[in-house]
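Below you'll find the structures, each written out as structure tokens.
In the two complexes that follow, chain A is the common piece, with chain B as its partner first and chain C second.
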Partner chain A sequence: MAAALSVSPNRMELIKLKQRTALAQKGHDLLKDKMDALVMELFDTLRRIQESRAKAMEQLRKSYSALSNCMAVLGTVETMQAARQTRKEVQIEVSTRNIMGIQVPTVEIGETERNALTRGYSLHLTSSSLDIAAKELERALRLLIGLAELEETAFAIARELERTKRRVNALEYILIPRLKDAMRFIMMRLDEMERENFTRLKRIKAILEERR
Partner chain B sequence: MKVERIVKFELGRLNAHIPERRITLKLALSSAKPVVFTKDGSVHHFKRDELKLLSKLLPEGEWDSLQLPIFISLEPKLGRGAARIRGEAEVKVICKILEKERKESELIIYRPEVAVIRRKLPTTTQYMFIW
Partner chain C sequence: MGLRIAVVGDRDTVTGFALAGVTYSHIHRAKEETLAKLEEFLASSEIGLILITHRTADDLGPELNQMLQDKKLLPLVLRIPDKTGYAPKADELREIIRRTVGAEIIIKREGE
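Coming up: the complex of A and B.
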């Protein structure tokens, strides 16, 4: 109410306040729409993360099982040596997309699964168990890259959601009520002035009638 | 800061992610890097998988009329959660995704449908705020 008392109570101010309230309300509605859309995006991303993580964990379990098997068959040192000889490159294209002003990464992954000839390790010194382990790990890598993209997206959306929520709350609980308070104050004051005028006129009329 | 300035700043920022110029599906499919530049100067990439999906949903003759990204317009006057899709080809594609019957060149969709569209076409659709 302190802010309301600082406005001058006249009709011009009331009109201005009405316009400001309408604008603030419009902004609030739009930001609320944005917040709803962000919540929807966030929940969808979280659902996809859940699915993607479950798949990635399952694939990692398979991969480590295949790797243990390979180490048992081929030997730890030989497996490590083959891993060092392997070509460590994956074709990925990292770009950005925009969700309501939020820059989120999009990753397009090329083929991660290679055949035994293109992996780079010696074929006559290794066994087929290494090929199986490598294949499983390559599949896991694809899923992990996808998961990383989704997690980064979720973080970015959550940050923007927090910011938007703060704006919506500021409009909803501070600015709009303050403007409405000021409007109410002016309307009350104008009514009061009208009543004062009315009483004054009645009083003047009574005095004039007394004089007559 | 005055209320108007805060609100106008926020309203101005709402559509900063809209591209300066949209591209057609045909152009996006033929381009090595299908991208559009947004008003705030950032780059928005379209995923190839989505472009392929759209090309399957629309006959080749209409690839030229589908403008990307497809705008999902959020308008407060429509009510909370409602959105509008404009354009013949755009409505046709969205109707096929939602398995709806197409009636007009404009389509009003609701929150669950928006979620379906965003799930299937995350890069080839964008929100637009209209007031």
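Coming up: the complex of A and C.
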């Protein structure tokens, strides 16, 4: 209330306050709409994450079992040796997309699956179990990249949602009530001044009549 | 601009993803070493995605979360389960959603 009472009670101030309140209300409504839209977007993304994650995890599980199998057949050291020789040049393209003013990443990926000849490890020292493992892992990698994009998107939306919510709350619970308090204070004060004036006039009138 | 991928985790996971063509890798042994390496990966403009195993992420603790909060949009960081399939129940995405929306969101597929 201390802040509200520091305004000087006059009509000019009241008009200004009215304008500010209207503006704050408008901003509040807009932000609230934005929040609703963000929530919808978030739900949508979460649903897609869930599907994508289930797929990626399943593929990853398969990949790990293929890898374990390969390590058992070929030997751990040999597998690591082959991994060291593998050509490591998977590339991704990351660009950003705009969802309601939020930057979210879009990841594009070239071909991840290769055949045994293009992977780069020596063929006569390795067995087909290594090829299988590598193939499964390449598939898993592709799915994981898609998942990473979705997760990052959800994060960005959630962060923006948090910020928006904070602003909505600040307007709704602090700024707008404060402006309304100030307006009420000015109106009361003006009414009071009017009543004072009224009694003053009455009194003057009585005095004048007495003199006559 | 073609960006590369990095993987951080235990020996087997790193070996596996190297086989799949991941360019940069780091095997997690000591916390400080891995943190320094991650810092390097995060600062690199060549890397577009960092895969990190849940177990390693847990090992690094709050320092990792701090680093992830300060990072720019790129590189993306994704936590993956390792060979044992270990993944914590409460993942950080659910946590942030619980905080913002004020409610747990559980999406069920239709028909479930």
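Definition applied: the second predicted complex is superposed on the first by the 203 of 212 C-alpha atoms of A that agree within 3 Å, B and C clash if a C-alpha of one lies under 4 Å from a C-alpha of the other, contacts with A are read in each partner's own complex, and residues count from 1 in each chain.
We take it that a residue touches a chain if its C-beta (ideal position, glycine included) is under 8 Å from a C-beta of that chain, and two chains touch if they have at least 3 such contacts.
Bear in mind the structure is a predicted one, so any value in this text is a computation, not a measurement.
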item	value
Chain touching more of chain A, residue-wise (chain B, chain C)	C
Which superposed partner A:Glu108 touches (first chain B, second chain C, both, neither)	first
Partner chain(s) touched by A:Val73 [first = chain B, second = chain C, both, neither]	neither
Which superposed partner A:Thr86 touches (first chain B, second chain C, both, neither)	second
Touched partner set for A:Lys34, first chain B, second chain C, both or neither	first
Which of chain B and chain C A:Thr96 touches, first, second, both or neither	both
First (chain B), second (chain C), both or neither touched by A:Arg167	first
First, second, both or neither for A:Lys26, with chain B first and chain C second	first
Overlap of the chain B and chain C footprints on chain A, listed as residue numbers	96, 103
In the complex, chain C residues that touch chain A	1-5, 11-12, 15-23, 48-49, 51, 73-74, 76-78, 80-83, 85, 93, 96-97, 99-101, 105, 107, 109
Parts of chain A lying in touch with chain B, wherever the complex brings them together	20, 23-24, 26-27, 29-34, 36-37, 40-41, 44, 95-103, 106, 108, 167, 171, 175, 179
Chain B residues within the chain A interface of the complex	3-4, 6-8, 10-11, 13-14, 16-17, 33, 35, 38, 40, 42-45, 47-48, 74, 76, 80-81, 111, 114-115, 118-119, 122-123, 126-127, 129, 131
Contact footprint of chain C on chain A as seen in their complex	39, 42-43, 46-47, 49-51, 57, 60-61, 63-64, 67-68, 71, 79-80, 82-84, 86-94, 96, 103, 105, 107, 112, 114, 119, 130, 133-134, 137-138, 140-141, 144-145, 147-149, 151-152, 154-156, 158-159, 161-162, 165
